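Heads up, the next two complexes both have chain A, just with different partners, chain B and then chain C.
Here is the complex of A and B:
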């Protein structure tokens, strides 16, 4: 009888299937506190047709599949939730298929990373840019968009899912489908409308509704004049209020605020980092740009005026040109704002990394930050909040990152801390993102039950045999 | 030569001064200094103790030879060369206590600070 492994080998070749102990171990876990579970096999397809054959085989054999790009979601999202799963590692599908200069989009495969995109655009399309997360340069661009993540243009344009013009996916039943304007052909991925917007069948689903094999993502023209600033501020409410004013005035392309401990880590201070009384509470990196130097200068002038006005309440608020940051703090400072994906290595100082992150209504942002800080302090972890005003201030992001040593005591403590942070977030009606199962279940308890039922029905409709990432999102 | 402070300003100053002390001539001169300087910023004060090297500590030593008061904003303006220590001093953006009693200490510290902030 032909074994399952051999059947997969016939599809992708023997070199691209493994059931070795080392691979099963590596793919069973991530850096978070979420409990590991070993898959039975790992397969690495290189084309959409191979993915299709894998999915068809999985249906015949009733084998659960877990789509995997690089496993860096910080939510345990690629850890199988059931036994005997097969990991479908998409790294070999790493082609940038097309960059459409006029329509300003790129079409890429799921193994393409932020590093690939940055390098390729810089070399071949220097007038266009994509948006970059602070995750490592080797993480998947498509996975981040599917997870509705956030990047350095999110302050202006929103979550990365907003950048999707369309996609191609292998459904859980094996059909290859397209959504978006690309339904009319390969050179036509200009957008999602006017059509039933089925991109939503794939974003936010954590790989339960199919395997995306191709995606068209918006690019943006690089503005010729750009300046960066660091803004040091005090207090949670004052900081968020000031950010709201800056972003509502449409001055900044990006505003990424960090607990001051993160700033200290960035300038090279060794872990663990203490927040010292008297230091600013937050450092925000701001990017301003213009088509002319006049436009940029005017934005800078308005920014300075807003910050100066805030000094009536907090005289120590300080706007610092990045030239000074680079001279004073670190030569690498321009990297923090220019290509953040390659700059936040300090977050992986230990073997453990986790967070509780959410999108939240602007009115609850300051309170979430204030109370969240108390929780993290109670557990004795470093204060590492990340905040981003999103989509021109229509909503906000906040998360508390915890870097930790993975011993039993810490794993338990980190989980308790995240649990408390999640309760706080849900009390403030924030929606957690990249939710591990435990977190999704808590969301279900509070959410409109008809919504959860609808999600379940759609999932069952698309995946009648329940083979796509079963158990994910607590379903 | 320097230990690493846990606070932002102390760490920053230690890094900047450290860079200067890579010049062996300056390093051997500084090793001969004996003075305590409090840099009182609007965030908080740090104490630099020069005694066969430099040590940094958060807080203000009570027996300071010199106390130099300036905001972190002024430090940034010095770095950006939007002002100089002399100009800032004349405008009252830098204040110094102990400079008349210890003019040599003042000269040494300003010299080092200027060089450190200009990189």
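Here is the complex of A and C:
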């Protein structure tokens, strides 16, 4: 009898299938506290047709599949939730298929990373840019968009899912489908409308509705005039109020705020970093841009005025040009604003990294930070909040990052801390993102049950055999 | 190594699996020949580190399917350069310790065991008849000298043109040197976790070098250079003399005028391949380039160079155990060299020479050692 492994080998070649103990171990866990579970196999397809055959075989054999890009979701999202799963590692599908200069989009495969997009655009399309996360440069651009992540244009344009013009996916039943204007042909991925917006069948689903094999994502013209500033502020409410004013005035392309501890980590302070009485609570990196220097100068002038006004309440608020930051810290600092992934270094201290992150109503942002801070302090972890005004201040993001040693005690403690943070977030009606199963389950308890039921029905409709990432999102 | 300190234990809670070690930082070229070829997460540094930690903690049982992820690594150290985490400079040490544990627990790979047996029986991994000392007669060398030329097994039994060019250059430069009855330095054994026979061979070399009354040892091989200068002290073995790589000595000889390159009509264009054991492992990047700059040649660098150089694919026991992948890796380097338009690929490690040549098809430029290049011009 032909074994399951052999059947997969016939699809992708023997070199691209493994059931070795090493692969089963390494793909069973990630940097977070989420509990591990071993897959039975790892397969690495290189084309959409191979993905299609894998999915068809999985249906025949009733084998669960878990898509894997680079496994850095910080939510345990590639850890199988059921036994005997097959991990579908997509890193061999790493082609940038097309950049359309006029329509300003790129079409890429799921193994393409931020770093590779960045390099390719700089070399081949220097007037265009994508948007970059603070994750390592080598995380998947498609997975990030599917997870509705946030990058350095999110302050203006919102979550990464907004950047999707369309996609191609292998459905859980094996059909290859397209959604978006690309339904009319390969050179036509200009947008999602006016059509039933089926991109939403794939975003936020954590790989439960199919495997995306191709995606068209918006690019943006680089602005000719750009300046960066660092803003140091005090207190959660005052900081968020000030950011709201700045972003509502449409001044900033990006505004990423960090607990001051992260700023200290960036300048090389060794772990663990403690907050010191009297130092600012937050450092925000602001990017301002303009089509003309006049436009930029005017934005800078308004920014300064807003910050000056804030000094009536907090005289120590400080806005400094980024050149001064670079002089103080190092030339490396330019890398952080130019390509935020370059700054992720401070998160590589230990083998453990986790966070509880959410999107939240602006009215609850300050309170979430204020109370969340107390929780993190209670557990004795470093204060590493990251917050971003989103989509022109229509909503906000916050997360508390915890870097930790993955020993038994910390795994437990970190989970408790994230649990408390989640309860707080849900009390404030925040929606957790990149949710591990335990977190999704808590969301279900509070959410409109008809919504959860609808999600379940759509999932069952698309995946009658329940092979795509079963158990994910608590379903 | 022999010390009780476990580098795996020391870094038990490092490596967040951020993937940075997979590519050259800010350049985004692939950095890891193993990961690039095999693709599974386990074949990148991070995968091996997590395996090392799991095996150390007892979260994973030893079994033979672990051997490939543990041994399919050239120990090129490129991951160390790209990793931004605190453990970065210890990654290869962790991999080597993991290998030593694998050898103890489940035995090594058959091809590695074979060359270990050769080292024990014939004092070289190739199983060639041990004839090092004959060089003294052939080249009328003294029994004692200030400098010992440590030929290394690959130069002595495979890439003999490197040995001959080195002896020729040293003679032309008037260096007071000899060769001794050297045994394999132990590099192939240390890199593949087979530590047991190393101390005896090393002690033999210490005695031979001492008997020659030498003040310094110079090696052709980047692997020998690393082993004599970095691994011997860790093993508690004191050579008691200065250890130099030939590229360093060539620079010294040019600087003091003992070697004066002749001008030529045709200045060939060459490219330089940084051997991993010389560059990333020992930090020697400038000396060979300085030597090249004094020769009547034009150097064109490849797209990955110095600490980011793509590995030739031969190291860490990869050539013996995974020849196809090893040659495929060298082929990548040849492609880079071809893109420079160079007429020669020059390097300074017999092992790199051998594998780069294996990766060259008819279109590839000839691969020569720096000593051969120098010898042509003096």
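Please note the rule applied: the second predicted complex is superposed on the first by the 475 of 475 C-alpha atoms of A that agree within 3 Å, B and C clash if a C-alpha of one lies under 4 Å from a C-alpha of the other, contacts with A are read in each partner's own complex, and residues count from 1 in each chain.
Quick note on the criterion: contacts are C-beta pairs under 8 Å (C-beta built on N, C-alpha and C of every residue); 3 or more make two chains touch, one makes a residue touch a chain.
Computed from a prediction, not measured in an experiment: that's the story for all the values here.
Undergrad: Could you look at A:276 and tell me whether it touches chain B, chain C, both or neither (first, second, both, neither)?
TA: In the superposition, A:276 contacts chain B only.
Undergrad: Go through the superposed model and pick first if A:228 touches only chain B, second if only chain C, both, or neither.
TA: Once the two structures are laid over each other on A, A:228 reaches no partner at all.
Undergrad: If you stack the two complexes on chain A, which partner ends up touching A:260: first (chain B), second (chain C), both, or neither?
TA: The first partner, chain B, only.
Undergrad: Identify which of chain B and chain C touches the larger number of residues of chain A.
TA: It is C that touches the greater number of chain A residues.
Undergrad: One more residue to check, A:348. First (chain B), second (chain C), both or neither?
TA: A:348 sits against chain C, while chain B stays out of touch.
Undergrad: Look at A:328 in the shared chain and tell me whether it touches chain B only, chain C only, both, or neither; answer first, second, both or neither.
TA: A:328 contacts chain B only, not chain C.
Undergrad: Over in the complex, which chain A residues touch chain B? Could you list them?
TA: 232, 260, 263-264, 267-270, 273-274, 276-280, 315-316, 318, 320-321, 323-324, 327-329
Undergrad: Please name which positions on chain B make contact with chain A in the complex.
TA: 4, 6-9, 11-12, 15-16, 42-44, 58, 71-73, 75-76, 79-80, 117, 119
Undergrad: State the interface residues of chain C toward chain A in the complex, per the touch definition above.
TA: Residue positions touching the partner: 12-20, 22-23, 26-28, 38-42, 47, 50-51, 53-54, 59-61, 63, 65-66, 68-70, 83-86.
Undergrad: Which positions of chain A touch chain C when the two form their complex?
TA: 15-16, 18, 20-23, 25-27, 30-31, 42, 44, 70-72, 89, 91-92, 113, 115-116, 118-119, 135-139, 335, 342, 344-345, 347-353, 403, 405-407
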